[in-house]
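You will see subunit A twice below: alongside subunit B first, and alongside subunit C after that.
Entry: the complex of A and B
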């Protein structure tokens, strides 16, 4: 179903949804857009996509897997509950990343906490009519237009939004704001999306997954990695990165936590014996790209790079420029 | 029920294997849990407050006890070895694929190096208990010194069950009258010719050398099964710590036919 929504009515639509969900939306914090719990602040919809991806709302930087409580030598365990929430303003590239994560985290045996969070989260996505210069989602087939994975989808048509429903939950959300909506069509949206796509493609007409894959084996990773400080920043902002580590806090009672981890960090592969199959930065950097471009597609059927450009935005050494694949 | 929540297992016996390794026998305390496994599978062992680490199962599913051979390697294994009979550990598993015992040939070569022999003991005892399903079995095992050889008290009974076993050490001393040298050299004494299957676990240079020797002797790459070791956290194919190329050692492994990982090692 398609509707038009006046721009001034958007906060009201969100407020009504807030009766059922905690609303998470992009807001400017110290000038930087971030996905945070929304309490009516101005929405940062024209700012670039937040650097910390929505992946971290499903796999938080740090979370409790379960708590353990010891009583006369035996343990009881408790898994934390999750809250219903609605993420507003998710971009098509990040939606694609979530589909990829689903294929990993929900594969047998499924990851319970991730699964609970996915099931209790509604998504209002926002098509990208004003792509950032770091974006290359069109080349990666992940944007600038969302086709699935949302409950509601908005497209900025200038004066108003086009609102499309993508699920039964989305239809319910739209019904709750029925009198704010009028029947719409996607004529203008199609034109805008075509223009957006052309802009992204013409910024890097040479770029394609095939091009990147063929360059993987030609790039001089050793000299490129000389500038890599192995900080892992690229992984922590990448929407498809999902590596984590597990640790225990507390004795005899406590919690088992998991934290975001990165295969770029030097100790990621190190075993208890001290042996490290990927001790050199160049091995880790090249395998990071190998994972995105070759291994994730084998395992999930989806490309591990969605073209969001965050790794380039965050890298201190400027290593993740798409130019390395030129 | 979260996949990350372990079963609870009581330590019912501890045997000294070498100066730095112990064989720990466990009894699962959770009711209504049938813990069935294949040789070559592993478990994630929890010491609450310290964390978890992957340990291969050293016992055979044909026997009614779950045993893990633990070597002092890091923080958690040190902690486990300080545990006593009656203490409770967490166990997640069995994890990984294990050796494809049903698809292997009847003639089997087993090559182990150092603590990699623990997972192969599971396979050897499996063969011993189903001896009529297998033909000739040749075991080649090497460790650093005589004091580092695992499961010495079992060799005699294996031989009585018609399993040929050859040993070697890297560094000999006056108490050692056997071979000094590399495991692949032991394969020269083997009379088994293909078609036969091989199971290998040990340090990388040993895996490479043994595989090379077997291939020279006409073994097929897909009949050589290598059990790999990697750092692991989740054990269920999510955390990506143990990847080798597109494979996760915890899920698609730890046992790989050589042709599957040849170009990734």
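Entry: the complex of A and C
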């Protein structure tokens, strides 16, 4: 179903959704967009996509899997509760990344905590009518328009929004704000999305997954990684990265935590014997791209790069630029 | 609901002195993620330690309650009992042995407000100037040499100034690994055409991408820098106008400098004369040249002379007071600059106001009589512990691992009548304490810290401290009250107001202003915008001074061990070794060794080694690497299992009293031999 929503009514729609969900939305904090619990602040919808990918709300970089308490030799365990959430303003690229994570985390062996969070979270996605310079979602087939995976989808038509429902939950959310909505159509949206897509494509007309794959074996990874400091930043902001490590902290009481890990770090690959098949930065870097462009598609049917450009935005040595595939 | 909410709080990183901004993403009173701030200096970047900063604040090992020694155990107690015990015990020592039997070591991880209040506690309540901080172990020579020659003992230009440099000389700094945000600017400058000269006994990451790498013998920096200066003079590349109008003492050093020909330097440093010549021409020929240095320069028994050799070179070429030029001493701790600025030094009050000149001002402000005699420096305090010094308050420091000759330090600390240690985690030093105070970490309090580029920035509270832990400014304020000095601080912003009122260089700084971004001191008034580049219009002392320094004789040692840090750990590891991924990256100490040396001794990668110096013996595994020269070894000092500082000695620089922590001669043998 399609509706028009006046821009001034968006906060009211969110407030009503707030009766069922904790609302997470991008807000400017000290001038920079961050995903936080929304308490009625101005929404940062024209700012660049926050650096923390929203996929990390389902698989936090540090999370407690359970706490353990020892008493007279017996252990009791406590599992953290998961709350109903609504993420507002998720971009199509991140939505695609979430679909990819679903195919990994919800396949056997099924990840319980991820699944719980996933099932208790509603999503209002936002199409990108004003893409950032660093965006190449269109080339990766992940944006600038979302087609599935959302409960509601907004498109900024200038004066008002187009609101589209994508799930039964989305229809319910729309019903809760029925009188704010007016029946709508996607004529204008289609024009805007075409323009946005053209803008992204024309910034890098040569870029495509095929091009990237064929360049993988030609790139001089050694000289490219000369300045790489192996900070792991690219993997910590990548919305499709999901590797983790687990540690028990504290004896006799404590917690089992799960921590985002990074294949950019050398120790990630080191074996028990001490031997390391990827001891050099260039090997880790090329295998990171290999994973995104070749292995993930084989495993999930989806490309591991969604063109969000975050890796480039945080790279110390400026090596994660799309130019390397030119 | 409020407690569970997802929030993002902008703050400043706790590790090195770069002062990178970052956001802590918080949920349910736990840090769940970290992302970089887009503001300078790092502009959206972090190092691995920064990305993994969510790893230690919520660790169950955190100290949660005050502890007091009962026999050989620590038992939990209340704050009021712990603090009144401390006050009583300090009073007793003071009555029996005088105030100078007490000493305070403040923390470079604590805020400016906390350092200030501990400084006030030490001087106004305990009545002694025996106060110092870890700067004594890192940049005391910088403070002395830059202070006496130029007027201010700190970085002359902001980090971003490096983007305007044509040539950047990096000496004794593993910048990429230890000051990544500075390296970021150097690499960016390099991409835009700047040329890089790396001077380092090790082939560091920076040395690998440098245009020139001068791989000198450890400890021979003065010979090298003097030779560079002599070539610059001979080739007519000096800035005569600058020397004439803004400096003094140049003619006095000319004759001495002429003795340091490239050939002489080659013999001393082991660097080919031609390469020295190339470096000199590169530096001397630049429009704007910068010198970046760190512990490789300062941590020597001739550390002050090393820094002076750098000053001489920069002065002779007029490389001060302009964008892209300058001298960049890189500070190793989040707030080691601030600890010094706050007067946690035996001879200065805040803002480097000498106790000999400004005592009356502070007596008036605090309404108390202050001690007149200069206090002892950190290493002197340690060496008098158990004799002249009987009671000590150590804030957030782990001298049992970080000070030279650790076994001697442990004995000193054990022989104190009262040792108070405030910390966030149990350490080798808290183990020896009579009272342990649990302190709020950087993520659990408000305050300000001053980065290596003299930039005062806010840290903001993101989560609650564990258990009954308190911000240290609250602890210091309570102690002041017990000692009868009314404080009346409700927030750390109140403390900053007092600092600003007493400190000209911080005069215009307030928490309200810092909400809008950091400010480079000096910032004398509310209207002043701060001073990123020093000495644009002259030197505060009138003319900058040349002072000739000579290379000391070097003994020919079989092995010289260089001690430093790893990129994945910080200092004595009390924080980073509790971050599982960082601990996985570098789980134990290593000794980098040249493969040719290793072959001669039958050592392979991973062979257990025994290292022995005059001070002690430790064990660590060998790691073969071409990055060190023959006859040279390198190891980090983070690991209590292989405490590198068991090997170092109490050799002090005569000006700044810094101990020679950087290198020590050792003998090695295979563990199984």
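One rule holds in what follows: the second predicted complex is superposed on the first by the 320 of 326 C-alpha atoms of A that agree within 3 Å, B and C clash if a C-alpha of one lies under 4 Å from a C-alpha of the other, contacts with A are read in each partner's own complex, and residues count from 1 in each chain.
Quick note on the criterion: a residue touches a chain if its C-beta (ideal position, glycine included) is under 8 Å from a C-beta of that chain, and two chains touch if they have at least 3 such contacts.
Note that the coordinates shown come from a computational prediction; the quantities given were computed from them, not determined experimentally.
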| item | value |
| --- | --- |
| Contacts of A:317 with subunit B and subunit C, given as first, second, both or neither | second |
| Touched partner set for A:94, first subunit B, second subunit C, both or neither | neither |
| Touched partner set for A:254, first subunit B, second subunit C, both or neither | both |
| First (subunit B), second (subunit C), both or neither touched by A:283 | neither |
| Touched partner set for A:110, first subunit B, second subunit C, both or neither | first |
| Partner chain in contact with A:245 - subunit B first, subunit C second, else both or neither | both |
| First (subunit B), second (subunit C), both or neither touched by A:32 | second |
| First, second, both or neither for A:156, with subunit B first and subunit C second | neither |
| Footprint overlap on subunit A, where subunit B in one structure and subunit C in the other make contact | 245, 247, 250, 254, 261, 268 |
| Subunit B - residues contacting subunit A, complex | 1-5, 8, 29, 46, 48-53, 73-77, 86-88, 90, 229-231, 233-234, 236-241, 243-246 |
| Residue ranges of subunit A touching subunit B (in the complex, touch as defined) | 65-66, 68, 70, 73-75, 77, 79, 104-105, 107, 109-113, 242-248, 250-252, 254, 256, 258, 261, 263, 268-273, 277, 287, 290-291, 294-295, 298-299 |
| List of subunit C residues in touch with subunit A within their complex | 1, 4-10, 23, 25, 27-28, 30-39, 44-48, 50-52, 54-55, 58-61, 176-177, 180, 183-184, 187-188, 191, 205, 208-209, 567, 578, 580-581, 584-586, 606 |
| Residue ranges of subunit A in contact with subunit C within the complex | 22, 24, 29-32, 34-37, 50-52, 56-57, 60-64, 80, 83, 226-227, 229-233, 236-237, 245, 247, 249-250, 253-255, 257, 259-262, 265-268, 274, 313-318 |
